[in-house]
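Common to both upcoming complexes is subunit A, partnered first by subunit B, then by subunit C.
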Partner chain A sequence: MQNAKDTFYEMLRSRIAAANPERTIVLRGVTRPGVLVEENEFVSAVTVADCFRLRWIDASVNAENALPVATLTCEVLYETAGTAGNVGMDRGRLLTQMDAELAAALNAWPQKTAKQNYAALATGGSAAAMATNIWWSDVVLGPLVVKGDRFARTAKVTVMSCEEAGEL
Partner chain B sequence: MADVLCSDAAVRTADTLLRANGGRAVLLRLPAPAVANNDGEQLGLATPQFQDVELAPCAFRKAESTSTLLISGSAVQAIVGSLKFNSAEVLFETAAGVVVDDVLYTILSSTATTADGKAYVYSLELRAPDR
Partner chain C sequence: MNSTTETMPPAVRRVRAYFAPVNRAAKQPTIFDPAQQGMFALEAPPSPWIDLGWISGFTRKSGTKIEPVRAGAPATPQMQSRSAIDATVALQFASWGKLQMALAAGTQQMNLLKTQSGAVSAGSGGAAVPAVALQSGSTASVLQLGAAATNFAVGETVVVDVDYTGQLGFVGSGVSGAYVKSALTDVDYVRRVSMNVGRIAAISNGAITLEQPLLAGIPTSLMKVSGVAGFCDREGSTFFQEWSALFVAEGQQGERVLWHYPRLQAMASATESSAAGGGGLEMVRQSAEFRALPVADAVDGENVVCFRSFVVC
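Then we have the complex of A and B:
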């Protein structure tokens, strides 16, 4: 499942960066595309605005097939306070823009990509392509939530992959 | 001129009171800057190095649920300047926690108390690690 999670993040990050190169965040002094995985960052990063934060929630494995099929639910959380120059009065427009970016990234064809194994990165190696794909559903946008001066939304997408031999 | 004198006096008074009421030192644990375009860190495969920076004088009040740490404003401003942070708030948000007597506390919030716009003491709300 870890390879599916990592591959999905890399796919979403590259699609968001391609669609809007200006959607960036600064974390620990480095500018990067505005997508992060909560479980891979410091707790302090979970409130970063104007970026997409991935949170993996449900997970299940159907072992009835020749290759077990893993089904993962990913929440994509995002929020914005608008721009300071507009005194936050454009927060609705900016949230709509984030809705559109996320929907375009996840609903665009193909809704699949080759699964990668990134474990070698820990020892200075590079990602290795695996034999199977991951694929995902259309994104479902949740209701708007007001969090102080921010507008927030949580979207959900279901990610699936075949578990290859030896996968975690 | 009067403003400068007033804020300086507040800073010196706070430092004196902190030294007189504990005057201890704690360590602010800061992660090293991220490595640009490093997928390993973004995927949780690599963790950053950490450096501990001393904060003194401080007064630490331990409580059941959350503890409070009062830190000299001049000590914080010195670190903000030397490590080139934009502000003390960013410094505390970036930190992994505060080490007090070899225990790493999580920073829940930071509040600056100011005189004439200059912070003379910072108050951190800390949470002890789960046992």
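Then we have the complex of A and C:
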């Protein structure tokens, strides 16, 4: 499942970066596209605004096929306070823009990509393409939530993957 | 073939449909070769196939009857034979284009030609505004009309076909739109039933540019252009549309299931179904049912109505 989670993150990060190169965040001193995976970052009391945060929640495996099929639910959380120049009065517009970026990234054809194994990156190697694809559902946008001066939303997408021999 | 994926059942999201014409006069359908073309880009089907878009409710039924041949006492099956071959397809088109409407209607699908001022009312459109002759240099995408181009507007649909001059039999360029049993008097009749339509994307210097090339290709000098106000089909009309069909379901590992029906004819009149569209609205979709007709497979002469193929990248 870890390869599916990593591959999905890489795919979403690439598509968001292509759609809006200006959506960036600075994490641990590095400027990168505005997409992060919560479980891969430091625990923090501060929620980063204007970026997409991936949180993996439900997981199940259907072993009734020739290859087990893992089904993972990914929450995508995002929020914005608008821009200081507009005194936050554009927070609705910016949230709508994030809705559109996310929907375009996840609902665009093809809704699948070749699964990669990134384990070798830890030792200076490179990602290795695996034999199967991951694929995912259309994204479902949750209701708007007002968090102080921020507008926030949580979206959900279901990610599926064939578990190959030897996968975690 | 990928041994990791070949045994997995295809997980498909949607089915996409493609159309190709049947030469009715020559009884020649368009044959799709899955060995050569099975992995074509879904957005760009190989010529002459035309994308009909996504469909829903794709349902195949086989009516083929297999009977046992019994012998002995008590009678025991000794062998089997097929006593009847039959196959049907049902689906819903997600879009309302000219082709989708014509196929779903299954009969003549009339272009509602723009009418002359004061024309007597008619259910499928009154007397039409005189068609505009094409000038030299026209292509499948650019129609040279000279000063008459100003009679049309960007976004308008036009039909391009010949005058009706007493022809009998199948009429319509590119795709047969109707069968004329006895001579008619309407000079615009072929343009009324023709599938050779397009929407105007631009007008400039006496030329109109279409959004997509005409189905019949480069127009002949005998063809003329009429403006189209809409489309109409009629319950009770007699013609059977026939088309070559290809349906593609792509699995998540890149594998594809392709169903190729070289000859499909409508087996039901035009109907619609409604689906919840949000906000209390209903989405009206065109439902269609077709019966498959046979062709002889060039490989061994077998009489078949459908080819199902499974291809892997």
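Annotations for the structure displayed:
Just so we're on the same page, the second predicted complex is superposed on the first by the 166 of 168 C-alpha atoms of A that agree within 3 Å, B and C clash if a C-alpha of one lies under 4 Å from a C-alpha of the other, contacts with A are read in each partner's own complex, and residues count from 1 in each chain.
Just so it is clear, contacts are C-beta pairs under 8 Å (C-beta built on N, C-alpha and C of every residue); 3 or more make two chains touch, one makes a residue touch a chain.
Predicted model, so just to flag it, every value in this text is computed and none were measured.
When both complexes are overlaid on chain A, the residue A:28 reaches subunit B alone and has no touch with subunit C. Contact comparison for subunit A: of subunit B and subunit C, B touches the greater number of residues. Once the two complexes are overlaid on the shared chain, A:40 sits against subunit B while remaining clear of subunit C. By the touch criterion defined above, A:133 lies against subunit C but remains apart from subunit B after alignment on the C-alpha atoms of chain A. By the touch criterion defined above, A:10 reaches subunit B but does not reach subunit C.
Residue contacts after overlaying the shared chain place A:70 against neither subunit B nor subunit C. Using the contact criterion defined above for the overlaid structures, shared-chain residue A:105 touches neither subunit B nor subunit C, since it reaches no partner. Judged by the touch definition given at the top, the superposed model places A:121 against subunit B, while subunit C stays out of reach.
Those residues of subunit A whose C-beta lies close enough to touch subunit C in the complex are 65-67, 111-112, 131-133, 135, 160, 162, 164.
Subunit B makes touch with subunit A in their complex at residues 31-37, 39-46, 48, 93-94, 96, 106-107.
Only residues 6, 9-10, 13, 27-32, 36-37, 39-40, 42-44, 118-119, 121-122, 127 of subunit A touch subunit B when the two sit together in their complex.
By the touch rule above, subunit C contacts subunit A in their complex via residues 2, 4-5, 7-9, 11, 13, 252-254.
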